[in-house]
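Notes follow once the structure below has been shown.
As written, the chains take the letters A, B, C and D, and residue 1 is the first residue of each chain.
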């Protein structure tokens, strides 16, 4: 294919209440690597299978949640073209200079109708550890903790998700892989910018700018079981799983970081192509869509967010 | 992303010496479903996770091998544009009318420098079994045999693979994910049209138009083990595996269909993005590239083809 | 070792409300094989990895639950010796003639303090399918449904489990692998007659002769995931899982047969030796003991039984 | 069961050419823990799922191979009784005082007809890390390296394996789970002292006292794949696998320690009971018995030993 525009989720910047506890969680338990610390106290992390400089940014604050979801685009020209389309859609665009996050080029930022800040950028430096490329071993650095391979996506909550769907489809060229329609209207939407079952998802919610979860990808269902063992061994707060989603089919487990931000580690969603039909769900089977085995969601999953 | 042009490997048409034996192999053992039989005796098969009408075409002949590798493109307009680019590259283009294969729209066909016929088409009917799309279960039809999920790719052998690389990159917008360069020059090249580590691969070989293997994707390493049990239980000719490739990292097992065409079932190659560097291999580590655990290839793997 | 006395759980005879629905469940979904039907309507099933004639007996009745848990002993002489010890413990022993269940030799039966009938027998015919023994393949008959490998154990509820523990340890030479002691006294006990983490378990309950679940063993955690897919695809009533027990460490999923009898399929408990210490649990961590990831049990698990 | 006599393989003492290289291999790569070093330079290792003090003893020497295979018996009384039976069989018995290996009680030792020294002992101290026993987590110490769970068995080569079979069956109460008979007579024999498919195995060989491999058990086929990744990443000498044995059905991979001693890590042999038939193999299918997928053994597997 000719693939242009938004390539992938690049980073999430989230707020944590206690940086040292957060770092222990994300590096020792989740299995990320610390890349660098910024002068303003932000800490930059990455998974070993990622080429880009970093994919998770932790910012200490007195309230948990997400600051920004960043997406990498294919070229500076695409970034310019996307800026025009975002502006034309009616969202004011802010310019963030190169280096505001170490290792990233200039970014454009804007707030979508659900209240979330989205950023786009075309350049990321390489940083270690990254996948080897000459006569490469499968890994150079032995996987540790939950053995996550990459930052995968965020699920966000807020109002006006119909308009968010419209924006991501028409302006950012995402595809709607799955949607949930109930008598109350569009309730949830899963969007892909490539061949994954989702690169971002939105769920309708009364309050804007909320984070449901930050998700990391694992190699296998075996690693989901291992992640579960880690969660209990280190008394990490558990939400639900190991289980499977009907929506996207991913095998998954959910838990909370020490600040209360929900994390997911998952594996095995399907391969999506842009000519595939959108999968649709209605209120009769939404339980199965959320959690395929339990066929319902626990209260915590529906009501706890940051 | 905006994804245009060639979306994915759509079908392989291969030659088999005995249709009934071939059908038993591909339906009962490999786990495909028979979709329909054509008036000319060709039989059309598909894997259950595919939306398209079929993905494997068997043609009875007195010599095994591959007739054509078909790729699905995003639109009729893309098909027209690609036709112009193929012609401009110097390959004569032949038109195949809609319905020549049941369920497929018009195709364009041409022979590349390695001697292989490639076809492109923009339309495929749906046929059963296909993934459910409304309140979908993970599967409707219980996986059977080796539990393959999709036809994945072919690996082809022939001369002039430098030119094949050039053609697939410049005309069909594929990306070179990995390449092997030895003192004899470019020896093997892996090409992706999307986010998979490969959608087609070429290995340099003196004789044109040869097939190394047809590959199907499995869910997991557990299913590789199950496929291996099936191979021995039913006395299927085994080549190598379970093992892992250094090239593309896929976990894999190779075997032969009753006509001597090599099959692969594999899982777990990496996710590729168009801004990822090309992985490179040289003659010092090519054994590890071929088979990551054995660090060498058996004679059969290098010398047996159809 | 010299291994004498009770070798293993041999069969469970359970009551079902509708034989045809029960057979569809246990053969097509759970993956057992029907061996034979008796003149009195009982149906005899087995898993493919078992040498003995059958391991599950279904009896149609108007109330679900368990009739008898049968254990195979090493020899007729051991059976005689065990009869004397059971009688000496104070339980009246009943003789069941050979052939009362097709394929089994004479049995002795008695009711233990929890209200459950236990039977012992030294002989079982072979029946098909069974593991091949000359130049054996890993399996002759392709695993189907949930791919269970053997009937593994039952968990029973009733009063006086202290005395049941005493009986199984002193009379039947079982070992206590794990026990749960709370301020209310002994609450649960897991007993092994060999090297498995449990061959039978008792939980304290006010009413006698109750069945908590019948358990079957799977090869792998991957197969637990597949069993879960089957449970939802065929609308089988789900209880809890995929998850893991702290007690015995088994990876597991629970569901109900059409009559309301709870089933478990599980894999991966630890290897036990008779010189291993008994693992002990108290009321502070009993949730983790029950379900290691959730660290609590759902109401249904504690209160629904047959 | 009443389980008396020999309970399990307790330890192997093997010779290594370079202790520091051996320690790096067995602790960092295989995943054992160093327990203690003796005054004579021997180093004592254990796997985390073992209660006993140690299970692998490394002794630096100028020739690789095995010094002794130790088995733990159920009681001091059993040890006395076994000593009488060993002597009566005609093997002189040597007494090794408690503490000759730290943490072990007195041992009796003798040389069997294949030239190997066998030792029996009834007491082992506990040492860390060992499985937790009160409100136990699945593990306290995160698995590392190949994540081995226990020392499992050794396979030994030498002459007169008919007599070895006789000795292990009649004197030590082992059971013959599988045997290979060819026109040359008994070629290989697999023996269990409990419910595992093998606790020791002998293959006929012209030279006495040879070691084929020391084997460690893994949790899963997924961990076999991970072990394979480790073998290549750290340039460990690879023999064969991932593959499966027909004999015992274990899924397996073989490699060499830095001194040339062959190691196996494996998972998933079947559960054996003493009333199960012995599985038999003949020369027509011995390839499949050795390696179920390849249906033949590589030269190295048959000819390289220490």
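Here, a residue touches a chain if its C-beta (ideal position, glycine included) is under 8 Å from a C-beta of that chain, and two chains touch if they have at least 3 such contacts.
Keep in mind it's a predicted model, so treat the numbers as computed, not measured.
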Problem - Residue-number overlap at the subunit C/subunit D interface, same or different (half cut) - result: same
Exercise for the section: Please identify which chain has its centre, taken as the mean of its CA atoms, farthest from the centre of subunit D. Expected result: A
Exercise for the section: Work out which of A-D, B-D or C-D repeats the contact pattern of A-C, with more than half of the residue-numbered contact pairs in common. Expected result: B-D
Handout entry: Centre distance in Å when subunit B and subunit D are each reduced to the mean of their C-alpha atoms
Key = 44
Completion exercise
subunit A to subunit B, mean C-alpha position gap in Å, rounds to 31
Practice task
Could you tell me the distance, in whole angstrom, between the mean C-alpha positions of subunit B and subunit C?
Solution key: 47
Handout entry: Sites on subunit B at which at least two other chains make contact
Key = 137-138, 220-222, 229, 232, 244, 288, 292
Practice task
Would you pull the subunit A residues touching subunit D in the complex into a rising list?
Solution key: 137-140, 142, 220, 222-223, 229-230, 232-233
Practice task
Report the residues of subunit C in contact with subunit D in the complex, numbered from low to high.
Solution key: 1-8, 49, 51, 72, 74, 131, 133-138, 150, 173, 193-196, 219-222, 244, 246, 249, 268, 270-271, 273-282, 284-285, 288-289, 292
Completion exercise
subunit A contacts subunit C in the complex at 221-222, 225, 228-229, 231-232, 238, 241-244, 251, 253, 288, 292-295
